[in-house]
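The structure under discussion appears below in the form of structure tokens.
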Amino acid sequence: MSRLNIQLPGLNLKNPIMPASGCFGFGREYSQFYDLSKLGAIMIKATTVEPRFGNPTPRVAETSSGMLNAIGLQNPGLEKVVSNELPWLSQYDVPIIANVAGSLEEDYIEVAAEISKASNVHALELNISCPNVKTGGIAFGTIPEVARQLTRRVKEVSEVPVYVKLSPNVTNIVEMAKAVEDGGADGLTMINTLVGMRLDLKTGKPILANRTGGLSGPAIKPVALRMIYEVSQAVNIPIIGMGGIESAEEVIEFFYAGASAVAVGTANFVDPFVCPTIIEELPSLLDTLGYEHISECRGRSWQEHGQLAYHRA
Amino acid sequence: MIKKEICKIISQKEIAQDIFQLNVEADFVNEINAPGQFVHIRVAKALDPLLRRPISISSVDKRNSQFTMIYRKEGKGTTLLAEKGPGMLLDILGPLGNGFPVNEVKAGETALLVGGGIGVPPLYELSKQLTAKGVKVIHVLGFQTESAVFYEKEFLEYGDTYITTVDGSYGKKGYVTDVIKELDFDCLYTCGPTPMLKAIEKQYSHKKVFLSLEERMGCGVGACFACVCKTSNELDDVSYKKVCSDGPVFRAGEVLI
Amino acid sequence: MSRLNIQLPGLNLKNPIMPASGCFGFGREYSQFYDLSKLGAIMIKATTVEPRFGNPTPRVAETSSGMLNAIGLQNPGLEKVVSNELPWLSQYDVPIIANVAGSLEEDYIEVAAEISKASNVHALELNISCPNVKTGGIAFGTIPEVARQLTRRVKEVSEVPVYVKLSPNVTNIVEMAKAVEDGGADGLTMINTLVGMRLDLKTGKPILANRTGGLSGPAIKPVALRMIYEVSQAVNIPIIGMGGIESAEEVIEFFYAGASAVAVGTANFVDPFVCPTIIEELPSLLDTLGYEHISECRGRSWQEHGQLAYHRA
Amino acid sequence: MIKKEICKIISQKEIAQDIFQLNVEADFVNEINAPGQFVHIRVAKALDPLLRRPISISSVDKRNSQFTMIYRKEGKGTTLLAEKGPGMLLDILGPLGNGFPVNEVKAGETALLVGGGIGVPPLYELSKQLTAKGVKVIHVLGFQTESAVFYEKEFLEYGDTYITTVDGSYGKKGYVTDVIKELDFDCLYTCGPTPMLKAIEKQYSHKKVFLSLEERMGCGVGACFACVCKTSNELDDVSYKKVCSDGPVFRAGEVLI
């Protein structure tokens, strides 16, 4: 449908809907439910240099309209992702955004250099914001100068555009966004999870073995929208928005706030068909609201005509 | 093939204290391929509670396209589930996972089915299928107390059935492990609380044992890595199995519990 | 009930349950429903030097398991609070915690000095974290040094113990907590609301006239618990916890995390009887869980015996 | 006295497109003291949707301890409400606010009742009570389109009833303000969208007019300051009224709309 296509650095999206990293594995499971080529893109699970088992279980806990996770970046490691997962995904006509994680700057650089060579990887998503890894991770996501430098170094080695995933656990999200823009980021993805916790009523101890975890789902949507609203007015690079999206209406809400595309995370667990359903429902919603193309919705909350140059395909 | 289906509730009743038997109609019953598979239920249309609830399939009626679940009303989700009545609709994802391998025991052999509390239900369909194959089936079912006991009569139809209660208010006082010591069998199938599974695995490391595990789940289909456990037969420490899609039933020794 | 009494600086609480500031006005409305003397304490609406009308409407928007508000500290002003509201409240046997707000340091000092003289005001709650006022407010709550100094100045003039209300919209909540402890705070109250936003599907504009608002309710509970968990281990002053509480079970969860008392905000709107209901249900919940006194629950998530000296009456 | 009560649903039916009439039983009907008061409904036990929904009382049957509401199925909350059936329970807070002052018009005088869309329902009880007092009542009811029209017959029982639709598909094409220009009255009562209220207030600044306002609400009882509006007759700019507890009905000119 030509009413949904969006052009972003490195990404020629047939529609602006993609599953969020960590909520869709490497696509195999959801390929049982529908043709992955329907998706605008796929953000695959974080990849690190070495295989990781991640944190002990329990790794998830439910909260009101949300969930906590502390998976701990479990993944088969760079080599296997490149040799098994990406080739498997290449049977689908869908651009891959590779989520890159690590503990040290060198880890990020190694993964970025290597994974960006895969032919179906059209962009990287630099995960400087995972709250569930002990070293590195979170600091990269909260100190502007560190984030700027990491972005710059990764840009130097990446063969595809680099999006940086911002953590919402900061006092000043605009400052972080500007720092990574300054570091050369081609785009932003936001938000990652809020750090949260649940306690077990019987034992008094945290439900998650990792104690704290990342809060995702509808509960965090208002925070995501506010941050995208602030950041989209302050930077000149596009934002892929996420945080609690589970319907076509919410996609529009994220566009209004300033997003140029969106990712759907937790909602996949609630409804495995959520992405294709949203994609199907968007055109008639655009009709109802009186828009020709979804890009017309972008940034409406803060400007009359929320359409930027890089927008329309 | 996993399906997501809006299923009609045929009946629901409380069969023991806080234990509910729920019967629904679903096209996907034809896809159920082994006892011990489970479904993932969305209990509310609204976004709280958000996640689906995993519940085992306790018996299947393919002719009428129906299946039965038995669950304990415990937290938020199962409390809402318990309020539903006949005719109401339920969003169910299933069938999920890999169930008990019925072919691991031959006609004439003896299978021991050991269930603890809310781990009992999936053994019912298993018992039916083993009996149909000509396997001799013995059931050992453990509960907390008399008011929590359910399905004794139903299991008795298929074979000897020993009930234990922790407080001795019904059947034999104690744990299932006290009873099974005295019994002989070719293959053991079990589902229940982790300490029970651990004890059984340890006691019968030389025997053919299949265990059904429980773990907190996100997706239920293998995508989120919430429900992993380490495999025990590998040298590295990054190998894993997912309870939702590789399990919930594993051969004893296959994974670390 | 002697199983629920808690002794905190300035506060001899018959139970640790109190309505949160801004969610209970000055008590008049809820006095139609039950005897306010049942409450452990009452945190009254923020008071500023001058009367304030607050923000234009709409001032509230619903979110999944939460709500946004941008009331903007509407209140009748210091003089009327002291001459009308506090005397009216004095008919009840319940300690008042006066929420003190302002734009400038001098405002806080003026309100604190005056309001702390009222005989039923047993403690102040320094609101350095309201996200809905344009000047001052939020900065006080995000810069440790500013918060420390404000706390110190207010302590100098206050005739009753001073609790400081922390904002969750910071990168490092422990640093903020330590700063105000160092400034002389007698206790902490946390958390205030997370900054969030909702957009109107039809207009594309923010639902709230103020654009952004403060997110409260069950949605934020995991964030509140995590922050209380972190802060309670790092400071030596007690915490009054809040954020999404709506049941006795959750009160226990907040104690486990490290709170010494709790406040209930948004839930009053959902159920006007929520506070007395929780107070009634706590004893039997303590029975079920095997505790003699609620103070035994405190800090269980991080220590075997979560009981500190100031705890038991 | 405001009560929080778990009320039983007696009946619910769709009386026009997406317009539902809901009849419940409640002890607090005895506390209802004026047409135009409202209730605050919790539509779900779970925490999403979280806030209560304000809905006007459209008629009262004190003898049977019942009252009726009419609402439009619109967003999340009213959609869930529309799914409920007879016998189900509903957590309702009420009666809330101050309604239309029936005593502002005397027997023999004429009252004009002007409703727009989902602002029509509270006028029904008002019409009943005014008629009972011997007041002559004229109704002017505006809707979007034919399928949205409801209660024409019911209103006709009490007095002349003019219907307008924006698209002209039923009654007179246009707005209520087009019709009321031609009518004579002693007192005007109105409830509906803000632009309509503004137009009426402006047109009849010399007349006795009562308006029922709508505002997004938190508590519904006056505690949260969500629903305030500025008063117009004061010199300072901090005076206010709360729609939930001072209103929803105000005398024209009392507050800025």
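As written, the chains take the letters A, B, C and D, and residue 1 is the first residue of each chain.
In this section, contacts are C-beta pairs under 8 Å (C-beta built on N, C-alpha and C of every residue); 3 or more make two chains touch, one makes a residue touch a chain.
These numbers come from a predicted model, not from an experiment.
Across the assembly, the mean Cα position most removed from that of chain C is the one of B. Chain geometry summary: the mean Cα position of chain A and that of chain D are 45 Å apart. Averaging Cα coordinates per chain places chain C and chain D 36 Å apart.
Under the contact definition stated at the top, the residues of chain B that touch 2 or more other chains are 47-49, 76.
Within chain C, the positions touching two or more other chains are listed as 63-66, 217-218.
If you sketch which chains touch which, every chain touches every other chain without exception.
Residues of chain A that touch chain C in their complex: 63-66, 68, 142, 169-171, 194-199, 201-202, 204-206, 211-212, 215, 217-223, 225-226, 229, 244, 249, 252-253, 256-257, 289, 297, 300-301. By the touch rule above, chain B contacts chain D in their complex via residues 44-49, 76, 80. Those residues of chain B lying in contact with chain C across their complex are 47-48.
Interface of chain A with chain D (complex): residues 64-65, 218. Of all the residues in chain B, the ones that touch chain A in their complex are 1-2, 4, 42, 47-52, 76, 93, 215-230, 236-238, 240, 245.
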